[in-house]
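What follows is a short report on a single structure.
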Amino acid sequence: MSHEQARRILDAGIAKAEEIGQPMNIAVVDDGGHLVAFGRMDGAIRASIDISTRKAVTSVLMNAPTAALTDLVQPGAELYGLEHTAGGMVAFGGGIPLHRDGELVGAVGVSAGSVAQDVAVATAAAAALDS
Amino acid sequence: MSHEQARRILDAGIAKAEEIGQPMNIAVVDDGGHLVAFGRMDGAIRASIDISTRKAVTSVLMNAPTAALTDLVQPGAELYGLEHTAGGMVAFGGGIPLHRDGELVGAVGVSAGSVAQDVAVATAAAAALDS
Amino acid sequence: MSHEQARRILDAGIAKAEEIGQPMNIAVVDDGGHLVAFGRMDGAIRASIDISTRKAVTSVLMNAPTAALTDLVQPGAELYGLEHTAGGMVAFGGGIPLHRDGELVGAVGVSAGSVAQDVAVATAAAAALDS
Amino acid sequence: MSHEQARRILDAGIAKAEEIGQPMNIAVVDDGGHLVAFGRMDGAIRASIDISTRKAVTSVLMNAPTAALTDLVQPGAELYGLEHTAGGMVAFGGGIPLHRDGELVGAVGVSAGSVAQDVAVATAAAAALDS
């Protein structure tokens, strides 16, 4: 995940966020879960600095979108409590792992809107990986 | 958020707490979530030192009253697990963000009574922002 | 340490800080090291929110002024590393334990100026315990 | 500190880092110490993600460049141990507070090169605040 790629992913997310009119925090991490690029748009809540970054890290650590974890961590479900492991993970949508040729190369995390909005922006951002 | 304003907000909260006969912890933070004034009334439980401060910080980080988070973080709800992000947030009532001319200028957090009492005291405190 | 006493100690510190022209963070804790009253004056640095509180807590934990620890924690001295124990302590001046009839009843911590200024303000604040 | 301003500061830092041939991590925070923009250039060490961000936060918390702290925290100096307070601060150069009309509006932190290089890049970045 080069800085140039991460910036392109970040900017694709910002463009989508502007299109839907919801300011966002957007984080792009490499395949080790380490931050490469981050932006907080004007008016986006500050709690989502951590949440967006943590969604991206979670996507790398689990090699799965964070939305895929939601059902698994509910009371009575198989992985109840998972989000308290590995330094703290996020189990609601907005984090998406990035793959190239089947290999994990990083992840993007988005937060500040509804979960549906976060996922929409993260999806648009992820699509810019090889654009 | 000047010290003089924060002290006025704190004292309005104390007056309301005395009126309802419930000793409270009351914290006032600036728009970055940094403490400006704090008071623990005689007989108020010590756990609420952290809870009141964390409610105020949560209100800044989310730019929302903590009472607005309660339904969102329940099992099965959209933001289940939210309170474990951003350094630890509180998702029950008693934290209220403070705005002036539409801008976030700080927050007040109250804890030690029932949630209804905490919200009542925080509301009275918040009303003193520009009194 | 009642809230009324803590507020009097805090206000005596604020008066001294205004007299010397150095805005301060001032924390008053009870004999368990739990916060009772806190104020951050306009212009006082935010790092000192934690430092002033930690000085007060350290004074209770050690039952000694924090200035008494400075020489003891230097490289080669007897308690080198002490400040990393007990949840993190501060080993430079500005924290003073408060006693009544030989019993520890709380402490005051002051931070944001030079160590000499912090000690001067903490000393003035402590003098208000039974004023 | 708007996102547009933070991005301009970040990009000015990147340009300087490219000029001196040292890849850097560069973080821009608002006046509450909350991240607004971040970039890690290709080849910059990962430890500096945290170090650059922490330098920016330290600059806000202390309202001072981190280089100004170096002498103060040495063994035997007045603030020995300071860097372990306030959630962990950095006491070597590369963090610079940003002011406008005498008011603190944020800070920039740079890390991955020598301290001299970090300071040079942070200085170039800071100069872009109102460019």
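We call the chains A, B, C and D, going by the order they appear; numbering starts again at 1 in every chain.
Following the convention adopted for this analysis, a contact is a pair of C-beta atoms (placed from the backbone, for glycine too) under 8 Å apart; a residue touches a chain by one contact, two chains touch by 3 or more.
Quantities reported herein were computed from a predicted structural model and do not represent experimental measurements.
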Express in whole angstrom the distance between the two chain centres, defined as the mean CA positions of chain A and chain C. 43
Calculate how many whole Å lie between the centre of chain B and the centre of chain C, each centre taken as the average of the chain's C-alpha atoms. 25
Euclidean distance of C-alpha centroids - chain C vs chain D, Å: 29
Mind pulling the residue numbers of chain B that touch at least two other chains? 32-34, 60
By the document's touch definition, which label belongs to this structure's chain graph: line, ring, star, complete, or other? other
Chains touch in the following pairs A-B, A-D, B-C, B-D, C-D
Inside the complex, what are the residues of chain D that reach chain A? 2-4, 6-7, 32, 34-42, 46, 49
Chain B residues touching chain A - in the complex, by the definition given at the top: 33, 58, 60-64, 75-76, 78-82, 84-87, 89
Give the list of chain C residues in touch with chain D in this complex. 45-47, 49-51, 54, 70, 73-75, 83-84, 88, 90-92, 114-115
Within the complex, which stretch of chain D touches chain B? 30-34
